[in-house]
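Take a look at these structures.
Each of the next two complexes has chain A plus one other chain: chain B in the first, chain C in the second.
After this line comes the complex of A and B, so read on.
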């Protein structure tokens, strides 16, 4: 196992720059999630780590050793691809064994590793099956077994759960994290699903437009998003983002007034749905637009008189009908302000 | 849910089947008739007294129908046997060379990116668009000077100019739709060549098998070039040999039998590869 370091990594395809000047440290044994929308450069970054793409500039270090120009198999990484890609014409057993074809292990050690992986992932009854005869979850397990038999320096996972249904995704999420913690292997996991990122990662690196927006633990990313992009991308239901202006210590947007100690100027106020509350009066006058009952809680979507929509998290028993008037007000202590020009977070707003 | 076949669908299939099989049935039947029966009007719809005489005759054997009646070997038997051998040689060699060239070629175009790829691809595919007739005279002039006219080698070379571009074009579409196994193969340490040999070719065996059938059929049915380049020489193929009979007043049953023989190899090839043909999903080759 090893730490991975990306040093000023850059990758362009012709005129298009997929990754620019990326510095990233993955510590030994860490589960790092690369999160971002499609086209943000996260898969390209992963492919560079794997050696499937050659960086245009910058270096990749495994435990301090420069591997930038090494081919994939000599980096001793294991990769699980989108939809748990396997060789479609080979049985599960042959797929797993293919992982070890370039290793010089003794036959009994080879056998032992395969047996270990097979029993760890409970795929003994799948070994003679072709990928087309397996379910999505079974393929995922075989792909994982194929990855772990190599006892790699690092696991690289490229959206392995994206093609599965929601229930299975949830099961496998926990299984992958559990396995990673048991093996203690350095892992880089690429996803565009922020729920996956929040639930699985020790740390999350949020990427956008080929750049690293923010890196931190899930709670740091959630509580203290560094930019408007991160604030809008992470969190479900998403953060409310309201454009307005600060003057004389008050944020104003339409009829909304929030007392905030901040430098005057145009800003965007961000407030999570759980920090926006229903008031009897004195808040922003709104009408209920929709109610989404999730069982444990209810997402209330309201519309102000300027037809801006806001989301609130309220208790499950909340009574209300579409069209009912109510006032909402944010908790000033939990509001975040973002600079309109740079998109970066303002001074702490409290 | 399985959809019921409608009456119209059945009717459509029936028309297609009759359209395809009726001519084949007609000369299959004709090959089993006696000269008298063929001369009769209206012609019999089924051979009442089928006799395989014609099949013996065209390969140079007499056939004893009754103790008094012998049907004599065809005068063209030599040409038929020679044409059959030549056609088999040309078709097998063309298919083999085509596949050796086309599999790597189509793979490179389908799965790799490189400079001038589009321009090169268009150059290769352009020759699919050229009607053989347009290159016939240049080829003939060239071949006469090179001494290749009337040789099997010359015919093989010219047939390859048809099969290679066409089969490449066909196979590119198939290979494009394979899952992205190359990345997996690179992580497992397969070289590019090993990926092609051990992963892509076994994975694409249906498509490659069908491509081979197409190459074989093209070579077997090739007529235009053969007519000009080898007709009337010892390198004559079966297709041109048979067409020559039309001017020689042969026994009709001999002509019919020779035609049946000429469709046998393609039928056999298609029969043994039918599993692959059914499996292969010919998707739009040019996206």
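After this line comes the complex of A and C, so read on.
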């Protein structure tokens, strides 16, 4: 096991820069999630750590040792590729065993690890099948099993749960975290699913356009997103972002007024759906646009007179019909303010 | 309901089998004409003694021609020469083809030009190949002689001798065949996702293991097909050997086709020649069937 440090990592493909000036410190035994939209450079970053891509600039250090120009096989990495890559002519069992070809584990220990992985990922009845005979989700589970039987310096998992059904995904989320904590193995887990990121990571690194937007614990990322991008990307349903202006200690946007102590100027107000409330009167006048009933609660989507949409969380029993008028108002103590240039400028003290 | 409709409609229609037969009729006729008739005629000849001198006549001799073979040393020798030539040709053609394919699959500056150059040997007729290799391998004009003289030797080096002539033939044959093998293998190589090599690197496979587990599997079916094709072509090869060595020196390169030619058209023993042709035919069919049973079935199952 080892800590991984990326030092000003840059990776270009021709004129296109996929990863730019990335500084990242994964401590020994940490579960770090790389979160970001499609094409933001997550896989490229992972491939650089594994040694499959050569960085255009910057360094990669394992436990302080520079491995930037080391070939993949000397880095002792276990990896799940994004496409659930397996050797096409080998059965699932042979694929999993191929991972242990170079290990010096005793035969009983190998057997035990393989059996554990097989039962954890519920792939017992797939072992004799070829990849071409499996579904995408089954391939992903076999690829994950193939990775976790190893005893590597670090696990690099590229969206290993993306093709699974909701129930299995939920089970495996917990299983993978549990296994990682038991083994204490440094893990970099890539996903574009923010729920996965929030539930699994010790820390989350949010990437956008090849750059690191913010790194922090899930609650830091959730409570104090450093930029508008992070604010909008993390959280489900997403945060409401309202453009407006601060003057005389009051945020104003259209008919909305929120008392907030901040420097005057154009800003964006961010408020999570659970901090936006329905008022009898005196709030922002809106009409119901849609109701999404989730069972435990209901997401209410409303539209103000300027046709801006806002989301708020209300109780499951909320009664209302599309078109009904109502007033909404944010909880001023839970509002964030963002500046276009410098990001977060005001957050509730906690 | 639907069943009734079709069954009543069928009275005026052809069944699938009838239709298929009707459609295949021209091809069947053609095959009978160009394959079955000569084959049948040759089979008939193999049971005859055919005499040209003193008036052409044929005597039915039953299996006598086949029986003669059993005690004919030249016949057994020709089988051995054929097998040796075929095995060497196949191994060389596959090895050279594979090497060329791997070479062509590397990034290079003028891929189109290099591919064209490598393809050229296949465009040379076997007759031409025979003449060229005969010049290259014999003492007076040979390649080896040139090299030997360069290093100060004063005697020509010839490979067209009892010991090496089969290898010279096999190399020439493989030289002609390998480019085609290479191109089909190259097409297979292009289908391998490069990420698979990354996976092998992550699994810390050695270059040999990577070749065995990543590169070779998608090539195996093509290798099987070309092993069969090269086997058949090598066993029935005649013109190339006729031009290069004429079955010699002595009988050193008297393959079955050459032996059959000599018996049929020099000794004019058509019946015996026909009988040997049938043995060759069975050898060819037998070896491809064996190849399929031992190897092809497994590949086709993938």
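In the analysis below, the second predicted complex is superposed on the first by the 300 of 350 C-alpha atoms of A that agree within 3 Å, B and C clash if a C-alpha of one lies under 4 Å from a C-alpha of the other, contacts with A are read in each partner's own complex, and residues count from 1 in each chain.
Keep this in mind: a residue touches a chain if its C-beta (ideal position, glycine included) is under 8 Å from a C-beta of that chain, and two chains touch if they have at least 3 such contacts.
None of these values were measured; they are calculated from a predicted model.
Asker: Putting chain B and chain C onto chain A via the overlay, clash or fit?
Answerer: Clash.
Asker: For A:78, select first, second, both or neither according to whether it touches chain B, chain C, the two together, or no partner.
Answerer: It touches chain B and chain C both.
Asker: Once the shared chain is lined up, is A:52 touching chain B (first), chain C (second), both, or neither of them?
Answerer: The answer is both, since A:52 touches chain B and chain C.
Asker: Between chain B (first) and chain C (second), which, if any, makes contact with A:241: first, second, both or neither?
Answerer: Touch partners of A:241: none, neither chain B nor chain C.
Asker: Which one hits chain B, of these parts of chain C: 27-35, 63-71, 135-143 or 153-161?
Answerer: Stretch flagged for C-alpha clashes with chain B: 27-35.
Asker: Same chain A residues contacting chain B and chain C, which ones?
Answerer: 47, 50-52, 71-73, 77-79, 81, 85-89, 98-99, 101-102.
Asker: Where on chain A is chain C touching in the complex?
Answerer: 47, 50-52, 71-73, 76-79, 81, 83, 85-90, 98-99, 101-102
Asker: Any idea which chain A residues touch chain B in the complex?
Answerer: Going through chain A, the ones touching chain B are 47, 50-52, 71-74, 77-79, 81, 85-89, 98-99, 101-102.
Asker: For chain C, which residues are in contact with chain A within the complex?
Answerer: Touch residues, chain C against chain A: 193, 195-196, 198-199, 201-205, 209, 213-214, 217-218, 302.
Asker: Write out the stretch or stretches of chain B touching chain A in their complex.
Answerer: Touch residues, chain B against chain A: 179-181, 183-190, 199, 202-203, 205.
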